[in-house]
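Structure first, then comments.
For reference, chains read A, B, C, D, E and F in written order, and residue numbers begin at 1 within each chain.
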Amino acid sequence: MKLIVAFLKPFKLDDVKDRLQRLGVTGMSVSEVRGFGRQAGHTEVYRGAEYTVDFVPKIRIEVIASDEITPAIVRAITEAGHTGEIGDGKIIVMPVDEVVRIRTGERGEDAL
Amino acid sequence: MNPGDIAWLLVSAALVLLMTPGLALFYGGMVRIRHVLNMLMMNLVAIPIVTILWVIGTYSLMFDEAGNPLLGGLGAAGLAGLGTTALVGSALNLMFAIITVALISGAVADRMKFTAWVAFAAAWSLIVYPLVGRSLFYGGGVLRELGAQDFAGGLVVHVSAGVSAIALVLVLGPRRSHRKEPIRPHSLPLTMIGAALLWFGWFGFNAGSAGAAGETAVTAFMATQVAAAAGMAGWLALEWRLTGSPTLLGAVSGVVAGLVAVTPAAGYISPVSAMAVGALGGLAAYGAVRMKHRFPFDDALDVVGIHLVGGVVGSLLVAVFANSSFGGSADGLLAGSAGLVWPQVASTAIVAAGAFAMTWVIAKALDSLIGLRVSDREELEGLDLSQHEESAYSPE
Amino acid sequence: MNPGDIAWLLVSAALVLLMTPGLALFYGGMVRIRHVLNMLMMNLVAIPIVTILWVIGTYSLMFDEAGNPLLGGLGAAGLAGLGTTALVGSALNLMFAIITVALISGAVADRMKFTAWVAFAAAWSLIVYPLVGRSLFYGGGVLRELGAQDFAGGLVVHVSAGVSAIALVLVLGPRRSHRKEPIRPHSLPLTMIGAALLWFGWFGFNAGSAGAAGETAVTAFMATQVAAAAGMAGWLALEWRLTGSPTLLGAVSGVVAGLVAVTPAAGYISPVSAMAVGALGGLAAYGAVRMKHRFPFDDALDVVGIHLVGGVVGSLLVAVFANSSFGGSADGLLAGSAGLVWPQVASTAIVAAGAFAMTWVIAKALDSLIGLRVSDREELEGLDLSQHEESAYSPE
Amino acid sequence: MNPGDIAWLLVSAALVLLMTPGLALFYGGMVRIRHVLNMLMMNLVAIPIVTILWVIGTYSLMFDEAGNPLLGGLGAAGLAGLGTTALVGSALNLMFAIITVALISGAVADRMKFTAWVAFAAAWSLIVYPLVGRSLFYGGGVLRELGAQDFAGGLVVHVSAGVSAIALVLVLGPRRSHRKEPIRPHSLPLTMIGAALLWFGWFGFNAGSAGAAGETAVTAFMATQVAAAAGMAGWLALEWRLTGSPTLLGAVSGVVAGLVAVTPAAGYISPVSAMAVGALGGLAAYGAVRMKHRFPFDDALDVVGIHLVGGVVGSLLVAVFANSSFGGSADGLLAGSAGLVWPQVASTAIVAAGAFAMTWVIAKALDSLIGLRVSDREELEGLDLSQHEESAYSPE
Amino acid sequence: MKLIVAFLKPFKLDDVKDRLQRLGVTGMSVSEVRGFGRQAGHTEVYRGAEYTVDFVPKIRIEVIASDEITPAIVRAITEAGHTGEIGDGKIIVMPVDEVVRIRTGERGEDAL
Amino acid sequence: MKLIVAFLKPFKLDDVKDRLQRLGVTGMSVSEVRGFGRQAGHTEVYRGAEYTVDFVPKIRIEVIASDEITPAIVRAITEAGHTGEIGDGKIIVMPVDEVVRIRTGERGEDAL
């Protein structure tokens, strides 16, 4: 079992979700993060003073998946999250020891 | 007094009262999320402080016939014996006294002990306001005798609040995060709501200062609208040119600057002159705000750049644009008379110097008596929790 | 009617209408994020319900000359045949009828079926309001005949809404999370906006009740301002002393308490008396809210603590502070007359008992007919989604 | 002019000014979080643009006695030579001119260059508004000569803004996300605040259009309140039936639809007729909004469904419900006269066609001169950052 | 050492927190996420148009724990977070190489 | 490759970010969490009723890094995030199987 975490451009969320659904992924969790990276932040102006906002809004998605399907998921996110411009984000794959579905107590792949 | 005039003055008083919560929201939107309630509270609490003192004595100190040109007696303490005309005038003037104190709060955002603010507001409103106010709003006031014209309080309200803000922040010191981290407004829509209420209320402020629903009120009303619009236009034009972006915070700041500038002149000028006054107010205030980093004090929300600068510009422009054919009894340079130049310059300087000195003394006294500032930890944690034990927003 | 009086009454009616959305925001800021729209909607929907019934019949039931001292006939149904004076009075009185119903909604926050609220608001406004209203606002009303004085609706509006809130929540039951989890206000700035509009509108409520732009209106206006300020001062002082913190929610609650307390007295008292009335209102309301956990019902947003307690205090204080030299025709204890004590006590008791009983019957009837409460799941999910299928905020 | 009338007109002008920031908040709550400030700014900036042009020339083009029935001369440029009556009328009319332009902004939300909006607002307000306005608001205007009745601007304000919105969005094109992703309102409480200010201000709009604080103002005031309430009732009833849920956005939209519909009729109809007019306005607007997906343009915030449809319905209903015993001089079908049918139909068609054509030309011209639309990237990033370099909210 | 991450129904947070405290867990971190899964989203209506909101609000908790106590924690969350209805959420257990307490620099189990 | 997660006092974010940048870290992702731990929550008062808010606002940062630089990053966060008072927070280091840069498809350390 793996946990796949990806940091994406916010407007790519819908595309990525659609692709993962087509792959048969049945669940994911999404949150907002502020990303710091190569992509420059933007400037804001208030009463003539300029502020540089270093952080860029990004979406963080988490998908728990079986080992077999993980490469396909990574590929799907890479494709659907791609614009080719700086700031497209990263994907990380991490090992998972155990997964439990709270509703049923099922474990492992059954829990997905 | 006829019912039409009473109706107009009651409406005006209600409008000016509304300006204080309006100002609270205007300022409140500009601070960070952990200081919002403190900003609202500094403004709100000005209302009972000033109102209660007003009934007890400030009104009397300011308007009582007895007493001397500087301060009235206590004959009207408790608002005793006021007839309808005097009472409605007292109501309107009370609202002016409230917002003047509230204006100062913008400068001290995010770092002043709430107890210290309460004490300061009481002292300032009992000492500084009636002295300045009587000099210009009372028939035999000393600056009025000098010939100074202050239609609706450019000096009494804006210049006095603006210089007092400087005096107070000099004693108080800057915010910890001043010039260290970006301090972005937490909610510009909140600021916009405040600006809307301020603009709306300002019609009562200026056109209500005519004292009746007649020609002068109409002149002042139109001047108010035109100057507010021109203030926004002036600020936005300069900002757009210099930074490349016209901002909402700029738009509403320009509105307030235009309104401040026209306040001393509203009942004396033509609509076209009001356009000039408002635009100059907006331009000057934007310039001042842009150069604020050169000054060695931390006026958090630009009370100085907008109210002091706008008020000074407006008071001096009375000497240029006043025209007795539109209202009032004196003429300015464009109407061919230089007679207002000296009174306007002198009264502006006197009000600025006097209010600054008195406020500095009050601030110093309070600082040694009770301390003006919260601790660093309280400032970091936010004044909402440390001063009021509540949070502005709860996401659940 | 002269134009000045018409202008003042039209302004007052507009101001009082504004109080209902103001109240919606005041309450709306206090609830959790998933119940916000339902709170706004309960208030908003009171407007068409009461307005439409008013035109059709409530006005006539309340003010028609025909009929008996308890209820008028239907001669003025459809507002037929009203002259200008009657029509402008009808407009102002309509706005009072609206906000009275809306006030009750604060008690039932977070758990009442929207359909049930609609039905309740209609029934209450058609039955309870005109009965109570005619008894005090109509020339030959039964409590008025008793000598009771209710200048702007301390009994008609606040006491009747406050006791009705108790009756309704007794039938409805407490929120699931009541006394189980902390229920923090989701946005105090929203509550502050509401409070600002309420205060502003209350000038129309009280000074508009004078019925003309004359001496009484001015008396009532000043009393309103002073009592609101003193209400805030009273609440904050006690809260600060007992909890160590002056809060924004306390400040605005105190304002409303002061305003409620002065409502029955506004046109009859001096500014100094208004200070006492407001302060006592603020103190009493804070005390009541602090002790609310002792009472076996869940009045979510303190309609009882603020409106019932404030209204009772204010109505009784009329018997103390009324002074015919400031307005009205009766004198209170301080003016040397005990003649108001019995009428005020009796009318307060009668209004409280009558409104309570009628409301309890209405609530019971609706509960068995359509059910007052949402399901537990709907309450948990939030009333915005379950009753209105929309969300207050969307973060995208 | 007597003080009561002046007081009422000044109050009305202030109320109508307040409607524009009210509209900004109403619209601003409906857009997504990254376009909020742009929406507020499009409305705000309409104020200086229209005000400055008004003083310079629009007023004169619209109301100058010299000139021809279509456009006035420039004799009143600079508002020169206006007496008190004319000046107060000019102030009130200015506020109408402002909000008419602002109304259009709702249609173009989220995709129009700010520079292009500024240019559009200036051109529209200098060309289209005075032509339409003079035809109906000026004594010898061409549609007035035809016998058309437009009490407070159903045609001049709402129909002209509504058709202009269609013309502009046809040239501008739809939002990128239109019909692709759900676009939910970012803050319905903000929309509610805006709706409250709109409703409040509309009393000045309609009852102020009486031009005096007399019988007609009272008639119009009551009609305004009743129609707003009935508009909400109509919209909610139909929505509840068709979707199963009465929404807050529906409630406030229904209020606006009812207010729009009663605008052309307010001073001419009974309270019961106002109920019919408001309800029909609410029902028609809900129907129109529900069917909007059939139309090949993207009117983002339903300017067409609410203002055009409501305005047309209201203008036509004048021919049904007008009754000279309530105000005005003409009778409608229910009062036994068919004489208004043709003038109302014809003037509605002429205003719609004329405003559409002129606006389309202006939009096309600006599109080729400076381009109306932001780039796709700017639209995606949000107009707040791309057009104003600021963010509405900062969570820190 | 393990990191236990759980996605829960928001109103279950208090119950879960209480149970973990009783187990002796002294710390946790909580954030809001939007969950996508078998549980259907809801419909929203604006001006008569209906929108389906796919994402359901969920609470994400993170608990760092020693290997020994981890099974007990998983059990506690499974029980306290349980309603039996679709959407109760998942628990994942992940390996942790190192934990540091910033205040003291302590490492490993001492850092908890 | 490692994923370093740290829970920090909010006002320490800028210091930590600066230190990491000086170390050559080119990216990170930041989110808001509510922390529960030894540090006491605060009291809030509404209309005279007191509420204890157990949770303390914390900042969660995530940094993906190569194995070599990880100890330096942990040290830097420990130093820059330190106030010495309760509530300074924790750092955890977790194993990562794979990292992908969405823009280019690069994997492993190249993806950083």
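Quick note on the criterion: a residue touches a chain if its C-beta (ideal position, glycine included) is under 8 Å from a C-beta of that chain, and two chains touch if they have at least 3 such contacts.
A quick note: this is a predicted structure, and the numbers were derived from the prediction, not measured.
Taken together, chain C and chain F share the touching chains B, E.
More C-beta pairs in contact connect the chains of D-E than those of the other pair, out of D-E and B-F. If you average the CA atoms of chain B and of chain D, the two centres end up 34 Å from each other. Taking each chain's centre as the average of its CA atoms, chain A and chain F sit 18 Å apart. Between chain C and chain E, the centres computed from C-alpha atoms are 45 Å apart. Residue positions of chain D with contacts to 2 or more other chains are 2-5, 7-8, 11, 184-185, 187, 193, 213, 243, 245, 247, 249, 388-391, 395.
Contact with two or more other chains is made by residues 31-32, 44-46, 53, 94-95 of chain E.
Counting only pairs that meet the touch rule, the chains in contact are A-B, A-D, A-E, A-F, B-C, B-D, B-F, C-D, C-E, C-F, D-E, E-F. Per the touch definition, chain B reaches chain F in the complex via residues 181, 380, 385, 388-391.
Residues of chain D that touch chain B in their complex: 2-8, 10-11, 13-14, 17-18, 21-22, 24-25, 28, 36-37, 40-41, 44-45, 47-48, 51-52, 55, 78-79, 84, 87-88, 90-91, 94, 114, 187, 190, 193, 197, 213, 387-396. Residue ranges on chain E touching chain F, taken from their complex, read 1, 3, 17, 26-31, 62, 64, 94-103, 105, 111-112. Within the complex, the chain A residues that touch chain F are 2, 5-8, 31-38, 54-55, 58, 60, 74, 77-78, 81-95.
Contact residues of chain A toward chain D in the complex are 11, 14, 42-46, 53.
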